[in-house]
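Below, chain A partners chain B and then partners chain C, in two separate complexes.
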Partner chain A sequence: MNNLIILPIIIPFIIGAVLIIFAKHHRLQRVVSGFTAVGMLILSIYLAIVVYQDGVIVLEAGNWAAPFGIVLVADMFATLMVLLTSLLSAACLFFAFKTITPKREKFFFYPFYFFLLVGVNGAFLTGDIFNLFVFFEVMLLSSYALIVNGGTKYQLRESFKYVIINVFASALFVVAVAWLYSVTGTLNMAHISERVAELEQTGVVNVIAIMFFIVFASKGALFPLYFWLPKSYFGPPAAIAALFGGLLTKVGIYAIIRVFTLIFYHEPTYTHKAVIVTIAGFTMLFGVLGAVSQFDFKRILSYHIISQVGYMVMGLGIFTPLAVAGAIYYIVHHMIVKTALFLFAGAAERVTGTTDLKKMGGLLKTHPVLSWMFFISAISLAGIPPFSGFFSKFPIILAGFQEEQYIISGVALLVGLLTLFSMMKIFSYAFWGKQKHTDEQAKLPIGKLLLPIAPLVALTIILGIAAEPIFQYSLQVAEQIMDPSIYIESVLKE
Partner chain B sequence: MKQLRPNDMMLQVSMRLITLIIFAFSFYLFLAGHNNPGGGFIGGLMTASAILVLYLAFDMKTITKAIPFNFTTMIGVGLLFAVFTGIASMLYGFPFLTQFFDYFQFPVFGEVELTTALPFDLGVYLVVVGAALTIILAIAEDDK
Partner chain C sequence: MEILMSIIIGIIFTVSVYLFLSRSIIRVVLGTLLLSHGVHLLLITMSELQRGAPPLLNLGAESYTDPLPQALVLTAIVIAFGVTSLLLVMVYRTYKEHETDDLEELRGSADE
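== the complex of A and B ==
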């Protein structure tokens, strides 16, 4: 019993509710949400340290004992994700202060921002599979409101597809949960894991496992269910696109990793090494090919989300402690760098007024700080040492060769090369070359815009230079999630 | 063009009565919750429908004057009610959302069960009324 782990869920909930009441007071909204974001960051760091030192924390909501009641479980993986969420949400929020127009702010931007965090943190911390669905819905409903925020024609058209695919996936989610319940007779994830272990993951359980994979794959934008992502992330303003690009697909990936390490881990030769690895390969390849073919700053970045999500799932598919640790390191690296890149796209758009690469150029001369910070993040994304991208790709590909998965490892290397190519395309078009924006635009000060991004860029450098301790941490996280008995014992207390 | 307004005397008179009945029943449903069928959600929906009937019988201006609540604010207040019920148990060292109940003697009503689930339900009730009416009124206002 420890109420500490409910705080990352109820604090944004309370703040969101309060901000609904004071929807008309712009200044108050900004001050309150700014302080909350910083407070959440401190809280989540504290939570991560407590869980690291004392082990898994379990809260039985309403004092109903597991497996009958609903439990919240904070293990190292969950607290790491909560920490990253707080970090990204704070960065995007401070970026939003400078870029969101009052017209957009008026439509409950801040309340929905915090309700989104309620859903995301809840999905990370819950130990109940139906509750996972509920928190997914909280997150998605808020994201529907945020993605149409502003209501331009383009946003409405593309968000419609986003809503349709997610509503369909959610319906499938409920069906999968119902089916799992009919087979195991419980909804508590630790309890399900025990029952599935007794059933030895026979045919029906495998079908359910793949069904869960399809559900989370459509939320996490895996091949072939990624088509909604690039267009719908293009519409909303940069702060929202950055939050979505950094955070939302990774909730789907988190759910895949959680479900396939805690519950469906008995037949890795079929589920992990055949299905997941194959899907991961196609996701990486098609994502990066999409990025190479695009000529728009934000669209290239959106396609890269897809290709990078492939790496994380590949790490899970290889399913050795090294590979899973690599996948976790990759999630950390990706969430930080991807958010930074999206925010850079927003800053560049602020200067040039466009995200079309052919209409951009010469930013390096007029805005050197922006350009070099972008350059660091871009080559970090492509996996050039000494930045975090290299140290996260290295263990995954190394584990791939160790496990004799040569094809997927080759694909991963090729995708890294193509990532570098498309990042350099952005750099050479938008930052090099002749100045295409007017002299007035060249004088636009964007120092304040870069301030919230600077910590993210610093982190990608730190994650690269201090790779050793951070990789040790990811290895510990991986060992903890690959040993389901730790999770089960702390929930069911046997 | 000036809109023709039909004589809806019958509707207005009967709706005044019917609304009262719906209100009373929705309040009963709200209190019956957590042990019998009912609760904040159903009670809230029924209250919203009672208010909606008034909007149908009279025009928007009259009812907005008669019920001067901001329904969006009502959502926020309801959410806070619900979450603070959960937090109250945390202050006494119990897990979030732990509920308590006991039986009390009251002069007129006799023995009554009082539970901490009631303020939580009140929160749900306010959220449902607020959300339902916000949605419906937003669609209705499109006409203008």
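== the complex of A and C ==
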């Protein structure tokens, strides 16, 4: 029964390994990977339901008791993230079937795709800090291979920078783990949390906390460590850019939230309310300013990732149950909508052959379904009431005012406005106006491309309409992660 | 002993950061190599360099050195090795495609 929680890690691992053997048979690869993606989705929904009903599930690898062996821990937050991962990866995979060229496909696209999922799911489910590092590396190595897949000049140039930044951040991660090990003498996250609580947050613990924050901030693209993101996400094909945009930075955010609710929660006035909130404010502001200044479909979306990561971290920084619940709701909303928007960028690129907004126009006339679906996602991202973006920003900003963090709440409201501005810029340039693509291009059937995106758009509407039950769920998740004793007791079994 | 090690690791970090900031692409890769060396030494140092037998049970010694950081370093070495080999191949491909190893020339044009 407990072995259930290793399945999201082991299934993509086995499938990825098997797919290496059939690397050149791309039809077989598609069938196998398609069925696996759907199976993973069903499995992760089941896992989320089981954890919701029965509480935290812990798997001790090799039957070694908690602080000595590696544990996998599935609490509500982790299973929620695994569920979202399966959802996004399935959508991007089905989009990739239609868009990715056979040349790219044959160079081990699907094996790396599944190894990426191994890393991401492992990072969500692990309960060991060094194991988290290893799963980060699994994820990053596959992402290096995917981001450079195709080997165009642009990709090679920008992927090099992406790899260098991540190698540097990973080295800092090991440094942080080494310091934490020398202070606490353990690697199990629940056990570290206990030991840190005994230390009563002395100066060295604050230093280690900020070190972890720097590491995860550079993975999650927070100010001032976001500079690599917009350029490197521009290179790869739309399906991969969408998967990265939806997933990879959120693994960093997940790690920040996990570490700062489970281990370093003893001095929130310094770590949360000063450092994290300030960084979140700058992240939101600079990200959205970058988006406003750009004139390219994909680049605007890339800068929006940065500004929205800021909202999640702001929710953590305010550190009340309401704010953390808002942050979790925001992660759900953002992952779905961001992936959908990147896939729309890919579909629009398929039609017009460019992502430069000045060379696009008039998609509304020739492809109305694409346009209106994009419009729904765009205003959902900006936070217009009937859709999910509003209900996820509202609790964060409300909590900000309740905690008298007026500046950050003001920044969040302003950023919402600028987000709306830049999304409307895309809409008015690419979709409205005169038709700039040829009539031949206008006749391109893209119905099949829209099929994998449609569930994501439907979900953002559902998340908006069914805001009450989903907010209640986020609130339960937030209460669970803000009470570390639940996690510690289920791991260490005292 | 830990103080000596810390100073040496500090020097390694300094050199690697200097290499990271240089113009030649291969010097940056050398920087990542040195950085990983520094990190691995730090991991060993931070678990206190106490005197003891190597962690082999058949030695029957009074005390052993801490086996955990050694396992961690072994893992980290393999990962760093994999990443470095990938990075070197990427650098080679970049050099072939762009015909330059100067990072200033790999910046991309202003309108991109």
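Going forward, the second predicted complex is superposed on the first by the 493 of 494 C-alpha atoms of A that agree within 3 Å, B and C clash if a C-alpha of one lies under 4 Å from a C-alpha of the other, contacts with A are read in each partner's own complex, and residues count from 1 in each chain.
Everything below uses one rule, namely that a contact is a pair of C-beta atoms (placed from the backbone, for glycine too) under 8 Å apart; a residue touches a chain by one contact, two chains touch by 3 or more.
Everything quoted here is computed from the prediction, not taken from an experiment.
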item	value
Side-by-side fit of chain B and chain C on chain A, or clash	fit
First (chain B), second (chain C), both or neither touched by A:Val38	neither
C-alpha centroid angle, chain C to chain B via chain A, nearest 10°	40
First, second, both or neither for A:Ala171, with chain B first and chain C second	second
First, second, both or neither for A:Ala442, with chain B first and chain C second	neither
Partner chain in contact with A:Asn63 - chain B first, chain C second, else both or neither	first
Superposed model, chain A: greater residue contact from chain B or chain C	C
Chain B versus chain C as contact partner of A:Val292, first or second or both or neither	neither
Chain B versus chain C as contact partner of A:Lys153, first or second or both or neither	second
First (chain B), second (chain C), both or neither touched by A:Leu492	neither
Shortest span in Å between Cα atoms of chain B and of chain C, once chain A is used as the common reference	8
Residues of chain A at both interfaces, chain B in one complex, chain C in the other	none
Touch list for chain A against partner chain C, complex	130, 133-134, 137, 140-141, 144-145, 148, 151, 153-154, 156-160, 163-164, 167-168, 170-171, 174-175, 177-179, 181-182, 187, 231
Chain A partner contacts - residues on chain B that touch it in the complex	72-73, 75-77, 79-80, 83, 86-87, 90, 94-99
Of all residues in chain A, those that touch chain B in their complex	1, 3, 6, 10, 13-14, 16-21, 23, 59-63, 111
Parts of chain C lying in touch with chain A, wherever the complex brings them together	20, 25, 28, 32, 35-36, 38-40, 42-43, 45-48, 68-69, 72, 75-76, 79, 82-83, 86-87, 90-91, 93-94, 97-98, 106, 108, 112
